[in-house]
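Two complexes follow with subunit A in common, the first pairing it with subunit B and the second with subunit C.
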Partner chain A sequence: MIPEVGHFAVILALCVALAQAFFSLVGATRGYVNWMAVSRPAAYLLFFLTTFGFCCLVISFLTNDFSVLNVASNSNSQLPWPYRLAASWGSHEGSLLLWVLMLSGWMAAVARFSKGVPNDMLSLILGVMALVAIGFYSFLLLTSNPFDRLLPPAMDGRDLNPLLQDPGMVIHPPMLYMGYVGFSVVFAFAIAALISGRLDTTWARWSRPWTTIAWAFLTIGIALGSWWAYYELGWGGWWFWDPVENASFMPWLCGTALMHSLLVTEKRGSFKVWTVLLAIITFSLSLLGTFLVRSGVLTSVHAFATDPERGVFILGFLVFVVGASLVLFAWRAPKVGLGGRFDLVSRESALLANNVLLVVAAASVLLGTLYPLFLDALGLGKISVGPPYFDAVFIPIMAPAMFLMGIGPISRWKKSSVPDLALKLKWAFVVSIVSSLLLPFTMGTWSLLVSFGLLMAVWIALAGIVNLWTRLKQMSRGEGRTFWNSVASLPNSYYGMLCAHWGVAVFIVGVTLVNGYEVEKDVKMSLGNTVTIGNYTIRLDALKDLEGPNYTGVEGSMAILVDGKEVDRMFPQKRLYTVQQMAMTEAAIDTGFTRDLYISLGEPLSDGSWVVRVYLKPYVDWIWGGAFLMALGGILAVSDRRYRKASQPENGTEGVTASS
Partner chain B sequence: MMASARFLIPLGIFIAVAAFLFKGLSLDPKEVPSPLIGKAAPEFSLPLLNDFEAPFANGDMTGEVWLLNVFASWCGPCLDEHPIIVNFARSTAVPVVGFNYKDRPRAAKQWLNRHGDPYTQVVVDLNGRIGLDYGVYGVPETFLIDQQGIIRYKKIGPLTQMDVSQDIIPLIEELSQ
Partner chain C sequence: MKPRHKRLLLVVVALALLGLGATFVLKAFRSNLVFFYTPTEVFAGQVPQGQAFRIGGMVLEDSLKRKDDGVTVRFAVTDSIENVPVQFTGILPDLFQEGKGVVAQGRMDPQGVFVADQVLAKHDENYMPPEAAEALERARKIKMESE
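Entry: the complex of A and B
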């Protein structure tokens, strides 16, 4: 009964979305006030119905209703309940329901928090989002119904893929989807602006917080996915350039460009056409990501059970959404005037250059991801594109962007002078060169790549400090404020920018040092054997059998010795999940600020000993710490006062707070 | 009018990409380029990972049913598949030849040390030349080759336990009769 009710709620939701799209869009373009009045309540109703439907699915999972196909294929009575909950979105069907739940959630949020947006504009925005929603609800109902029954019911379920039975995997998909789907908001803002012809600074101002929140979610989602891969796959890698990883990374790159471009559009009225195009591209890449995962055109670890029918549907939808928006763009954008002019050396130029670099980086990732497909389709042979391509292309593109990241925030709008910039940044420059040359020695050996990576990181960090310092000095000198008063009066969005940029620096440190100084050892160990890595000696003390709820396995007990004294014990496991007969490595990780000690059990050997892998990974956690700081920066920026009191539309009277 | 033509560029690019994606839908990367099945396995003679001086030719395997598994240390899915291969090699007498594809030999050796080496032999295809003959484009890939050197089965992407128990094992039993 419950699944049918849920199914019905989702059908109703589709009907609501149809009505909402019709009344909102027609109402807004014709100016029927009472038609437009539908859009807000419809958004709430849509969210309510979808939440209701989603809860029905969750209940089916929690109560082990194996007469539901989705539950029978992805859950098991022995599965602990948090994973039964997560299994609700572990399958293709369930994750699609999660997707529409989030889309309706974003719509409700737009309806709730857009008080300053004129009614007709809001109707257009919600109408465009409703169109997107119609596509996904129909996709769900026509090709991937999560509520399908299985008759007769299964005795027990086939269990959730063991790889997904992990806390990181419970929250990774929702976060990622919040980001993906969140970009639909800024997309809808852009389309609404194109339709109404109101592509102005106010539009940029409304779009910015939504973009930033979606971006922050996406950042956290990607970071969680990478962290999960690190500790769950058992060999300590954290990024694989897998097509599906790329599919989440491309919208991130474009979303990053979009945030910065929106800033220029809001503050200076420039880049309007570029910004609106970026908004379209960013969401298009989110859709493309969905297509790549669901259609099976590329082989990937992540590919769900694929089905050509689904592929055709999503591709058709993709063509409709992206094609229509690009046609609209080609039709409307030429009429948009240019914004304020700017000099070659100015903050606009720096941001434009960074934008171009980010988009080129996204394009090169796209090219690498689709290249095998292109060649295959042209009959030019079959090739595979691996990490060597991406590393070779990505780093040189991003390096100048990192350099500009130091200069951009400190330069002036419109016109900046080179000598002035050089004066401000000379110490930062000198110190970062010297420290990047010397720092590698403290880690042992010197290498060019490490030195270069550190140069970027130190440069970004120092340029941020110089920026903050200059700003505070100006305020206390020019406006006679005290130091702490100046600190408090700088807007949150400014601190958000600094925090996110420092996040990038921290991230680079992590990547550089772990690539440069990682140590790994593979050894055969019997009881009592030791292996030494860095300062640590690891001794295998015991092996005991393990009995989990839905797995059996072996757990090693390792003593960690420093100078002969035991400082810690670690317990790596090898599990065999009984239902799917899948072996999983549960690495034991001792996380530290400057290094991770990572132990995983490999294969048992015939003489009772085990192959044990031990890694010492310096600064590896800085990778995710950096990503977290970036996301935190986004959240700080959104918490800025001006977004909370921004109920009255105003035009560019920003005064001193013109920042970040 | 000319000035606004550049605004059509994004649309043009998108249409081109979409056309490829549509073509891609009918080119299922997991399915075989089926022409290979039932044909003689392309001939090769490649160095062994452990001994670059000693070449291995697929002709050496004539008279045996064997599995050719394409892998690389840079390939994430290969790691997922690896336990299945290890299991297969342990539970059957069928020789499994590893085909190390576009990899650095040192990295491949480390990878095998780390994750266990199920292979009777590992051949090295440094530049992917032979892989091309075999239509390799998604690593991992697996081929089952019979006593006469005919390809009987091919899987693109990671093998699953299901592939082994439902397709490969029955096929081997059939071929061995």
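Entry: the complex of A and C
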């Protein structure tokens, strides 16, 4: 009964979305106030119905209702309950239901938190989002119904893919989807602005917090996915340039560019056309990501089903959304005036360069991701584009962006002078050069790539400090404030920018040092054998059998010795999940601020010994720490006071704005 | 310089940089493409010399041998017509099994052994790596034509 009720709720939700799109869009373009009044309550109703439907699915999973096909294929009575919960979005059907739940949630949030936005504009925005919703609700109901029954019911389920039975996987998809779907808000804002012709600085101010918060969620989602790959896939990599990873990384790159270009549009009225185009591209890339991951074009852990019908549906929807938006853009964009002028050396120029670099980076990822698929689809052969391409392309493209990240926030709007910038930043520059040349020696060997990476990181960090210091000095001198008073009076958005930029610096430190100084050893170990890695000696003391709720396996007991003394014990496991007969490597990781010690059991050999892989990964956790700081920066920026009274005009914060 | 000229200069510089970037990206792209070959094609000598490529197929039954160091393995990849000997040092993926699909990336050594630096197996029990399926499909076509 419960699944049918859930199914019915989702059908009702589709009807609500249809009505909402019609009344909101027609009402707003014709100026019917009564029709427009529908859009806000409809958004709440849509959210309620979808939440209700989603809860029905969750209940089916929690109560082990194996008469539901989705539950029978993706869950099992032996599965611990948190994973049964996660299994409700672990399948293709369930994850699409999560997608529409997020979308309706964002719509309800827009309805609730856009008090300052005029009624007709809000109607247009919600109407556009309802159009997107119609596409996804129909996709869900027509091709991927999560509530389908299985007759006769299965005795027990086929279990969740063991790779997904992990705490990180419980929250990774919701976070990622919050980001993906969150970009639909700024997309809807852009389309609404094109339809109404009101593309001004207030428009940019409304859109900015939505973009930033979606970006922050996406950042966390990607970081969680990378962290999961690191400890769960068992072989210590944190990023593989896998098409599925790229699918989430492309919207992230464009979303980052969009955030920065919205800043210029809000503050200076420039880049308007470009900002709108970026908003369209970013959301299109989110849809493309959904297509790549959900259509079965890519065979990976994410591609649950290779069902051509689904792929064709999403591809058609993608073509429709992108095509319609671009046509609208081509038709309306020329009417949007140019913004304020700016000099060659100015913050606008720095941000423009940042945008170009980020978009080029996204385009190069797109090329590497789609070209093999095109060739394959056209029957021209199979090729693969691996990490060497992405590494070769990415570092040179991002390096100038990192350099500009130091200069941009400190330069002035409209016109900045080179001598002035040089004066402000000369110490940061000298110190970062010297320290990046010397620091690698403290880690052992010197290498150019490590030195270069550290140069970028130290430069960004120091330029941020100089920026903060200059600003505080100006405030205490110019306005006679005390130091702490100045610290407190700087806006949150400014701290958000600093935090996010420092996050980039921390991230670069992690990537550079782990690439430069990682030690990896694959060895054959019997009981009592040792292997030495860095300062650590690892001894295999015991192997014992393991009995989990839905798996069996072997656990090694490893003593970690420093100078002959035992400092720690680690327990890597090899599991065999009984239902799917799938082997899994559970690495043992000793996490530290400056290094991770990582042990995984490879394969058992005929003489009772094991092939064991050990890693010493210096500063690897800084990678995710950096990503967390970036997301935190985004959240700080959105918490800024001025967004809470968004309806009021600019309140003199010009010049202390954040570029995050 | 007049503001208009400055603006023009900015646009020209931006376009030049963009062009430079595109050239560079495409160059990197071309030199890092990894092509895929079936064991039959490898045997016919159609593969690039000294360049990395991928092979796919099934792991031949009873072909897995381990050297004394415990971490170097040899196995053969077959598309049911030809077998290619593969050598790999490291830990094989959890789902690597004799008689199952596999994809390996690496180079041919002068002795005709494919030295792999990467071995990929499927992600779960349902799916075959696409390249492995492709290799079997091409071999099936060849067999059908020759009959």
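Note that the second predicted complex is superposed on the first by the 633 of 660 C-alpha atoms of A that agree within 3 Å, B and C clash if a C-alpha of one lies under 4 Å from a C-alpha of the other, contacts with A are read in each partner's own complex, and residues count from 1 in each chain.
By our rule, a residue touches a chain if its C-beta (ideal position, glycine included) is under 8 Å from a C-beta of that chain, and two chains touch if they have at least 3 such contacts.
Not measured: the values here are computed from a predicted model.
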Please tell me, clash or fit, for subunit B and subunit C sharing subunit A in the overlay.
clash
Tell me the contact category for A:Ser349 with respect to subunit B and subunit C: first, second, both or neither.
second
Look at A:Ile410 in the shared chain and tell me whether it touches subunit B only, subunit C only, both, or neither; answer first, second, both or neither.
neither
Touching A:Val327 in the superposition: subunit B (first), subunit C (second), both, neither?
first
For A:Met169 in the superposed arrangement: first (subunit B), second (subunit C), both or neither?
neither
Looking at A:Pro396 after the superposition, I want to know if it touches subunit B, subunit C, both of them or none. Which is it: first, second, both, neither?
second
Would you sort A:Gln581 into first (subunit B), second (subunit C), both or neither based on which partner it touches?
both
What is the contact status of A:Phe374 with respect to subunit B (first) and subunit C (second): first, second, both, or neither?
first
With the two structures laid over each other on chain A, which partner does A:Ser364 touch: subunit B (first), subunit C (second), both, or neither?
second
Subunit B and subunit C footprints on subunit A, overlapping residues
163, 235, 299-301, 306, 376, 381-384, 386, 388, 522, 580-583, 602-603, 611, 613
Would you mind writing out the residues of subunit A in touch with subunit C in their complex?
161, 163, 234-235, 299-301, 306, 341, 343-344, 349, 352-353, 356, 360, 363-364, 367-368, 371, 376, 381-386, 388-389, 392-393, 396-397, 522-524, 580-585, 600, 602-603, 605, 609, 611, 613
Where on subunit A is subunit B touching in the complex?
163, 233, 235, 237, 240, 242, 273, 277, 280-281, 284, 291, 295-301, 306, 308, 311-312, 315, 318-319, 322-323, 326-327, 329-330, 333-334, 370, 372-374, 376-377, 381-384, 386-388, 522, 580-583, 602-603, 611, 613
What part of subunit B is in contact with subunit A in the complex they form?
3-4, 7-8, 10-11, 14-15, 17-18, 20-30, 33, 72, 74-77, 79-80, 83, 86, 101-102, 110, 113-116, 128, 132, 135-139, 156-158, 161
Sites on subunit C touched by subunit A in the complex:
3, 6-7, 9-10, 14, 17-18, 21-22, 24-25, 28-29, 32-36, 54, 66, 69-71, 89-92, 94-95, 105, 122-125, 127, 129-131, 134
